[in-house]
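Common to both upcoming complexes is chain A, partnered first by chain B, then by chain C.
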Partner chain A sequence: MDVNFQEVSHVYMQKTPFETLALKNVNAYFRASSVTAVIGRTGSGKSTLVQHINGLLKPSAGVVSVGEHHLEAKTKRKTVKAVRSHVGMVFQYPEHQLFEETVEKDLLFGPKNKGMDVAEIQKKLPELLQQVGLSESLLKRSPFELSGGQMRRVAIAGVLATNPDILILDEPTAGLDPQGQKEILKLFMNWQRTYQPTTIMITHQMEEAAAFAEYMYVMEDAEIKMQGEPETIYAQRKKLQEMDLDIPEQVQVLQQIEQDSGIRFPHYQLSPAEAADYWRRAVQNGGVPRV
Partner chain B sequence: MAIIELRELEYQYEESDEKVLKGLTKDVHRGEWLSIIGANGSGKSTLSRLFNGLSQPTEGSVHVLGKNTADDKALQMIRQEVGMVFQNPEHQFVAPTVRDDIAFGMENAGVPREVMLERIKEVSQWVNIEHILHMEPHRLSGGQKQRAAIAGILALRPQVMVFDESTSMLDPNGRKEILETMSRLCRESGITIISITHYLEEAFKSDRIWFMKAGRIEKDITTKNIPDQLEWMEAEGMPLPYKYQLYQEVKKRRIDMRTLRTMVEGE
Partner chain C sequence: MFENVIIGQYLPGRSYLHHMDPRAKIAAVVFLIIVIFLVNSWHGYALFGGAAIAVYFLSGVPFRYIRKGMFPVFILVILTFFLHAFFTRDGEVLFSIGMFSFYEEGIRQGLFISLRLLLLVYFTSLLTLTTSPIDLTDALEQMFSPLERFKFPAYDVAMMMSIAIRFIPTLLQETEKIIKAQTARGADFNKGSMRDRMQAFVSLLVPLFVRAFRRAEDLAYAMEARGYNGGEGRTKLRLLVWGWRDTLCCCLIAVFGVILLFLRQ
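Up next, the complex of A and B:
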């Protein structure tokens, strides 16, 4: 399902002394089944942007199209509800939203809320738990007895249980250790491969965006300041740094080597072994001055 | 010279039957920047609470500046000399403004009013928060909150500061701010820094690293020796930053890459 922003602006607390322009004339397109990262520092407008996709916020001006539905300032609740049934949103620290007595009840809350066939989904819960790296035996446990990492997985599974056409991830790995971050990201990558939702991930970690997204929007001061495929974004390091962002460490290292040696890597997603092999071949072919 | 001495240190939570810390004997040296790194459950956070007597060892002892943390009479001095910065910046404030918050700790410590004003000025300049002294702490960015918390501790003139995963809830910019502050505290003010972290790249910036695993200090290395330890770190499954992984791959192929060598080994 496509998502399209046309000239969208959003004003918080309109016509009060606290009026703030939170989105300024945003045009953005999220192709069906693609993965897009929205990057920017705290307060740049990236959360405001995605909250328009499930109608948590309505545009003050412009149109947000989600599949065949159009969300505008005056859109009726019925339409918002219809849109919302397609969207799954993983908020920051989603584990704070667990509340049911058992993991199973928590997982079924979302589907029930969306009027889905609960009995059907209940049958699939063991598989779902496995997909998020948890054991089936947790179903009857209280979510509050679990470790922080397990709670996060349960909360994520609760969103995935509705198998949304559009999956929005708001800093899904915040507060986890590096190993935990990797695992959660991998979980979403596998999910993406199998079910192919339109995925939109908010992050301030370039590394994370680089690993997962095929397209990026960079936001600053309520506007989209840069967009493109990762390679295009990385080519503009200075501009990124002005926004307190930076290119991933891997790209920094490879670019530095290019600069010092004159060698050109084919792209920046090379694994360390690939990069070393590429370098060795270049040296053997005399492509690199001996240093 | 040792500023903190751990001797045969053991710790066990009451409700648990396994020790979280198992026989640690180590010194923290005066003026160094020490990192303690380890997975969840390795015991690193438990250890951090023992440095200033927030918890007491089940067995063995912790001495700070020669005084045992189990000695009630020394505890107040120890708490003042060893300041703690915690993980969640939200949970460290008690007063309505940053200025009041810095004053609060000093008031508790009985610092005279004229000295207090002087020190607020000094520490806020030092961590660069003069322009936000009048603000409510909850309105600040994550990095600003942590710097305000640091200012409150600095005002008490500690000799040691412990950072317990103080960067883990910050965005990359906030993390950078706090790391730079730690470095300056150590290099310019001579304060002994102990930072507990999940992130190798942060630990690599310090002077020495304790690698904790299952309640023990598995390795104690100076950061000058990082290149020799990379293989071990890889074998332990630690996620090395890209440049170190590439350095290893290049070395395996017996080729040279000067840029990388400079990055990893220094000039």
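Up next, the complex of A and C:
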């Protein structure tokens, strides 16, 4: 399923002294089965943007199209519910949404609400737990007696349980240590590769975005200020720095090598070993770049 | 979701009322509430109405906020008016509709009670609209501190109140966040069978309580870590200052009270 924003604006607390314009004439397109990152500093409107995709927020002006559905200011709740059953959303600190007596019940909460075949999904729960890096022995445990990291994985599994066509990740690694962040990202990458949902990831860290996005939107002050493939974005370092962002360190290193040696790398997502290997081969060819 | 809730309904501003000492404001409101029950003549209510209008101009609060704050009370006021109008049977019959007769005294009583209620709510809303919650608790604490001699824990009560007030916005935000998260998981808080809605409600309450207890614990540790051990001998960062406005206000109110006493029938 693809998602399209056309001239979307959103105003919080309209007609009060606390009125905030959180989205200003936003146009954006998320291709079906693609992975897109939305980057920008805190308060730039990233969460507001994605909460329009499952109708948690309605546009003050403009249209959000999800598949063949259209969400507007006056859209009926029936349409909103239809859209919602296709969208999975992992919020910041998703572990705060756990509430059931057992992990199993909590995992089934989403599928049950969305009218899916619960018995069928129940059979697949052990596999699902394994996909998020947990043992199936946790199924009968209370979610509240798990460690913080385990709770987060259970909460994520609770969203993935409905196998959504559109997967929205709103800073899913917030508050984790670097190792934990990597593991969670990897989990999502594997999931994306297997089931191919349209994936939209919000982050304020370039490193995270770089790890798996094919397209990027950069937000600032309620607007989309930059968009393009990661390479295009990295080429505008100055502009990024003005928004308190920077290109990933790994990319900085590769760019520096390119500048000093004249070697061109095919893309910047190379792992350190791949980059070293590529560089060695290029040098053996007399510094001539060859892919 | 809570976009129309204006928390604690305090409206910051720089009017005469905003600049007054909260103790003076509380004392004035309490005094007005007492005297309003002594008024029993039309002159008295006219005078009170005049005072209400004067205070409105001193407050600088836009009228729509007052109207919004008083709207729920209107229903109560209309109800009490009709109760009195129907059931008081004194004086002459003014007019009859079907089997109901309306007596002069009934209408009079109904109007008086309604006016009392309205004025009472009006003055208290102006108090909360022009006084920040922190100032209110500080003032209450000081006004109740003489009672500490009788083992009334004025300090602790004030501390509890200010902590509660401090966490209202946090709790509202948290509620909104959890509602969103569960809605995204397909819970429906507005429509559906009783069972589904109960389930949705549980999915909100459990996380909310878990987080609230966790936060209370964290706060207790944080306060202890910074040396908090009860109120004994604690000094204040923000001192309440009694100024000329407050003295003036108290004098005016006293004069007002005396005039009202003379207008009693």
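FYI, the second predicted complex is superposed on the first by the 281 of 291 C-alpha atoms of A that agree within 3 Å, B and C clash if a C-alpha of one lies under 4 Å from a C-alpha of the other, contacts with A are read in each partner's own complex, and residues count from 1 in each chain.
To be clear about the criterion, a contact is a pair of C-beta atoms (placed from the backbone, for glycine too) under 8 Å apart; a residue touches a chain by one contact, two chains touch by 3 or more.
Treat the numbers as computed from the prediction; the structure is a model and nothing was measured.
Aligning the two structures on chain A places chain B and chain C side by side, free of any clash. In the superposed model, A:A273 lies in contact with chain B only, and not with chain C. When the two structures are aligned on the shared chain, A:P178 is found in touch with chain B, with no touch to chain C.
Once the two structures are overlaid on chain A, chain A sits at the apex of an angle of 70° toward chain B and chain C, using CA centres and rounding to a multiple of 10. Once the two complexes are laid over each other on the shared chain, residue contacts for A:R41 go to chain B alone; chain C is not touched. Once the two complexes are overlaid on the shared chain, A:G262 sits clear of chain B and of chain C alike.
In the superposition on chain A, A:V87 makes contact with chain C only, while chain B stays out of contact range. In the superposed model, A:D244 lies in contact with chain B only, and not with chain C.
Put simply, the nearest alpha carbons of chain B and chain C end up 6 Å apart when the two models share chain A. By the touch criterion stated above, chain C contacts chain A in their complex at residues 3-4, 6, 174, 177-178, 180-188, 190-191, 196, 202-203, 206-207, 210-211. Taken in their complex, chain A has these residues touching chain C: 12-14, 16, 51, 54, 56, 77, 81, 84-85, 87-89, 91, 94, 96-99, 109-110, 112-114, 144, 158-159, 162. Against chain A, the residues of chain B that register as touching in their complex are 39-40, 141-142, 168-169, 171-173, 198-201, 239, 241-243, 245-246, 248-250, 252-253, 255-260, 263.
Only residues 41-42, 149, 174-175, 177-179, 182, 204-206, 244-246, 248-250, 253, 256-257, 260-261, 272-273, 275-277, 279-280, 283, 291 of chain A touch chain B when the two sit together in their complex.
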